[in-house]
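The structures come next, written out as structure tokens.
Here come two complexes built around chain A, the first alongside chain B, the second alongside chain C.
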Partner chain A sequence: MSEIPLPQAAKRVVPWWLLRHETMLAVILLIALIVLGGLNSRFLTLDNLLNQGRLTTEVGLIALPMTFIIITGGIDLSVGSIVGLCAILLGYSWKVFGFPLPLAIGFSLLVGAAAGFLNGIVITRVKVPPLIMTIATLALYRGLAEGISQARSVRGYPEWFYFIGQENLFGVPAQLWLLLIAIVISAIVLDRTTFGRTLYAIGNNETAARFSGLPVDRVKLIIYTLSGLMAGLSACVLVSRVTTTRSDMGIGYELDVIAAVVLGGTSIFGGVGTIWGTVVGLAMIQLLKNGLALTGVKGDATIVVIGAVLIFSTLVASSLQRRRDGV
Partner chain B sequence: MTTATLAGAEANPRRRLKVLASQEALLAIAVIGLAIAVGLYNPRFLAARNLSDVLLGNAYIAVAAVGMSMVIVSGNIDISVGALIGVLATISGTLAVNGAPIVVAWLAALVAGVLVMALQGVIIAYLRIPAIVVTLGMLSILKGGLISVTGGKWITDLPHSFHLADIELFGVLPFPVFLMIVVTILAALWMRYSASGRAIYAVGGNAEAARLCGISQPRTIVMVFALHGFFAGAAALLYATQLRVIQSTVPPNLELTIITASVVGGVSILGGVGTVIGSTLAAVLIAEIASALVFTDVSPYWIRAVQGVLILVTVIADILRRRRMAGA
Partner chain C sequence: MTTHPHGEAPATPLLSVRAIEKSFPGVRALSGVSFDAASGEVHALLGENGAGKSTLIKIVSGVFPPDRGEVLVNGKPVDLARPDDARRAGVATIYQELLLFPELTVAENIFMGHAPRAGLRRIDWRAMHDKTNALLASLEIHDLEADRIVGSLSVGNRQRVEILRALSQDARILIMDEPTAALTEYDVTRLFDIVRKLKARGVAVIYISHRLDEIFAIADRVTVLRDGAHVATKPVTETDAAGLVQLMVGRRIESLFPKITVPIGKPVLEVKDLERRPLTRNVSLTVRAGEIVGLAGLVGSGRSELAQTIFGVTPADAGEIRIAGQKVDIRSPARARSLGVAYVPEDRGTQGLVRPMTVRENFSLAALGKVAFGGFIDRGAERKLAGDGVKRFAVKASSLEQIAGKLSGGNQQKIVLGKWLANGPKLLILDEPTRGIDVGAKAEIHRLMGELAAQGLAILMISSELPEVLGMSDRVLVMREGRIVAEFAREQATQESIGAAMMGSHENAEKVA
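Right after this comes the complex of A and B.
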């Protein structure tokens, strides 16, 4: 099987790097930017693009650890519910427990990490498949958010808290800095560290990774915990941006996050994927939303398109991969 | 790991049967035990009116869970079914209001259900895309599509004859409960005794072995999804006809309740094991818990957390039990 691709690759006229998922996606992204810019003068303005960056941060922060998880062949469907739970606990601990706000933020981040840790510990120790574990906690965490809040919202946070979600820092939305830093760190970790390479090893062949002495369970535990922590961070950014907490926050985030990751070329079967791809995928999803909104399509129709994009990009990616593998 | 577990289970067929039987017995005991316990706390819970309301209002979940159980036994999952039920209810109601013959309105839900699910089955089985990706995508297509087409407008003034759920057989047995029981028994018999029913277990239990036995895995999966679509259609009809209005939106998190019923009913998420009798009992139990929360003055906002805990506990117990059986 491994010898087959060689003669095929030699026959190809197009250089290999052009056929890379990320490159193709970046080209499509560029074309889409130009077309949308031509169609609507409000689109290709710095203000609009920066604002889109602001809006994509909440999903983006979660998409980074999700890339790690999907590379290992896992999945985390509970992220949207963790966002809801953390948002509720942020508001609740501040208003009801009377925590000072910085402590409340710390508390909600801790809860996010703990929620992710619970996913990770059951997935690695009991060997419950990630899909089922995170469907269960999708229900559980959302249920806790609803039960604790009793569907009541919390508002009226101190003024300084809105800085993260609504203000600019050096001319760029404040939360976008958070996302940029997270992107750089994730990219370095995935590409340049043993930890990052272990993720690919697990995704390609978990048994082999185990027999090679790689700490498979510990690595998995870390990435699911990280996923929860980033969902908690995303919740804080979201609350700061929309100035209120409600128990239905983050519903459907798993769709945007997974669509961005898969669209960015990370294989749903594991073993393949890059942070760079996820970033382009995120930009594509946000572009799609913004472009559709500017042409007058309502939000509900947008998720139709994102759902179709998710299925379609997986189809394309898997057929490309099959061709590469010479099947 | 998986093969070892399965080998262990195959070596002890009688033991496996006993374990399965106990899952259903356990559920039956839980259903009755909970009724007694809550009845002691608040006797109004045991009023015939309340018990029949609980059954009537949730029969559609049991019907949908029958299809979901088949999907999970075949080693797949479907999270689009809640949205599909909302769409099918709206289609059926819209037809009925606009003067289509009632039977056509009913049939449309069943046919559309089969078509949508069979399409998903084809993508999953022949194009080999994981069920979670396909059904997550379909969930958002159906959900967004429904709201953008209808604007969430309520469908009212449904013709009287449309209300399937109002029919009482022999003057006592409400149709939804009748359908729930009949569907469960027929599906259980079919899965247990027919070759195509057994094929679902074979495909979910050990795809390679099933292939060697001459069972077409893709064809079985498409069949399972098509059937699942049929049951979703039937569930949608019960759902649409039990109230005077149809909300033409997607019932929130309905898929989670249906999956919970299947999993708590003993359908193993690793595929290959489970019965629909268990899933129907579990659907009744979940409905009973939701009602019990109200009668014990616990806020109903906790129901989803309870569902999450139920799935978690059942799944962990299932896996530990399999591990012990494999070790034995």
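Right after this comes the complex of A and C.
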């Protein structure tokens, strides 16, 4: 075994292949931007890009904790249903229980966290696989939302509530600030803290993580709870943007969220992934949708293109992975 | 070109490997290695982990091509680009992890991929059955039936199925990678019988093992590799164990078990009437500061289970644990860690190491609290911790950012040990600390254990290797069926007495000794 002197190699803090994957994604994103921008003059305008940021916030807020969960090798399919449940409870508690709106917001966030906590507790205590548990609660939470709403929608919120969903702060959509702050915090937590390190350790080898005395179950409980909480927050932003509450809100969010996370290079088998990757994944999906729509591509065709991009990036990622493991 | 300075050179070796070179990113795995094996010869391949044995085998079995050099079968160069090419050239490899289909029968496993066909390419089940029986008969194996499900067989019998599979493909060169690692004494004897029969048939057997006594029992010639280079090829009659070890490590191993006598201090671990059924029953034991207590027993006697109960992986149902005199309740490894208990588990790959993570990350995994402030990891402190560990334990890694799983077994074990010592524990539980690692690394780990005990660490060592237990322990405890059945002071402990206690009868003791 030839020895490379330690100090020289120690400078390379981030493994090269991780850099490569995200760099590659960013390059694809850049090319897509240039091509779509060339096809349509309205696409590459600040207004349009900021507006796309507004539209991607609801999915983005959920994608951050989802990145954590997928890094541990888990999954949370119930997030879309939690969005629906929280949205309904926001409207219901305000209109029917007569809660003041701030209290109703707090209540719906609490319900989101509780819904995630329930996922987490069953996954860690009863050892039900996350896929199965969250498929079950996907149905359960959606059913509750529909049962409570009785197909009635709630409208007519006070004007101030629309700020977060519709107004700008310093020229940038208000909810985008929320997303940016969440991104920065998540990235720091994942990259710099013992909590983040524990997530990677669980995803790579849960037994060894446990045997090393890491609080595996507590960390899992936290991320599923966080996932529910962020789904609740996403619900509030969504209601504020569309000014109404319906029980079918958030249907299919889980797929958009997981697509963005996986497109961003997070391994569905756990152990690998970054927040930056997820951010690029989010941007890619939203901008492709928007760019193609502006260029006159029909909705169905847009989905086809997004699917193709997902497959393509997975292929490139796995070929990079194979080269890395080429011993 | 072939190097066998003393060995008699066969006219045309069945297999000949010439000046093979192979590099992987950052590592030169083989540099100009030549090797040959004649028909009817058992040629042992020896070397420390990381010496290049596996790479050489993989090249011969077509897993990956060499960068330079050539492979000749029967004097003719062959291109082994894929495993299938090697199979056609008559090379069969039996890896440590047997590659069988547990749900299928013996016959189906043997003929997987080349089943005899009847009309319309249907599988000819009768022919397959008959051929299997013929193969079994040819090796005089009488306790295996063609239609047994492989999953129900013992490890020894599964290995025989692999050998039969190789023979069914007319393999003339058989490579066996540590075939006895998981075998019982009896199965080893039977394996050797089969190897001798294969020899008589003119098969060339390349035999890899860490156990030197086996090499003297079965091999004709032995080739030693070190750091990817060919060191020597000799007939086994012209060398001895000490000579081989010296060739392998390139230096003299002073003493395999450098036990230092140190003053024994106060009890660090006191266990009383510990219960966790079915494999921990009414266990009481004490380990003192500076003391190494060996825990012997057969596989399945409950030693690892006891260790994991003390460590909080499987918390006790009843009984009492005291650490440094304080009664404690250990319900999780995290709690055990905070009490100063460290556990180096038996299964490095799945319990000890997070293999896809880097050397740095593995070193700090059990000591994150030491390098983090308010939950934030201080990268500098972490690098220093890992760098110190690499130096202290002489871990051979290309950098701190190397993936830990790519290191050799001995180096992986040093990391697992190092990550626990980074925490400054009071009690160290070692579960098979030197299993599957090479002589050099083994000696280093033994030396380290001596040093740690001298510093006042209490050590509980589980080992299935009696010489290790005898050599390292101040006291030996023997477990059987979840209970501690015997205790020996260092002076009283002998292979015979421990063996007898392990087996639970004095008649059986003769066999173990």
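Simple rule for what comes next: the second predicted complex is superposed on the first by the 286 of 327 C-alpha atoms of A that agree within 3 Å, B and C clash if a C-alpha of one lies under 4 Å from a C-alpha of the other, contacts with A are read in each partner's own complex, and residues count from 1 in each chain.
In the analysis below, contacts are C-beta pairs under 8 Å (C-beta built on N, C-alpha and C of every residue); 3 or more make two chains touch, one makes a residue touch a chain.
Remember, predicted model here, so these are calculated numbers, not experimental data.
Contact with chain B, but none with chain C, is seen for A:A151 once the two complexes are overlaid on the shared chain. Shared-chain residue A:Y141: touches chain B; no touch with chain C.
Contact with chain C, but none with chain B, is seen for A:N205 once the two complexes are overlaid on the shared chain. When the two structures are aligned on the shared chain, A:V126 is found in touch with chain B, with no touch to chain C. Set against each other, chain B and chain C differ in how many residues of chain A they touch, and the higher count belongs to B.
In the superposition on chain A, no residue of chain A contacts both chain B and chain C. The touching residues of chain B, counted against chain A in their complex, run 1, 77, 79, 123, 127-130, 132-134, 136-141, 143-145, 147-148, 253, 256, 259-260, 263, 269-270, 299, 301-309, 311-312, 315-316, 319-320. Within the complex formed with chain B, the chain A residues making contact are 75, 77, 122, 126-129, 131-133, 135-144, 146-147, 149-151, 252, 254-255, 258-259, 262, 268-269, 298, 300-311, 314-315, 318.
The touching residues of chain A, counted against chain C in their complex, run 1-4, 6, 8-10, 12-13, 15, 192-195, 197-198, 200-201, 204-205, 207-215, 271-272, 326-327. The residues of chain C lying in touch with chain A in their complex are 24-28, 50, 227-228, 311, 313, 332-334, 336-338, 343, 345, 350-358, 361, 364-366, 368-369, 372, 375-377, 379, 383, 387, 390, 396, 398-402, 406, 408, 419.
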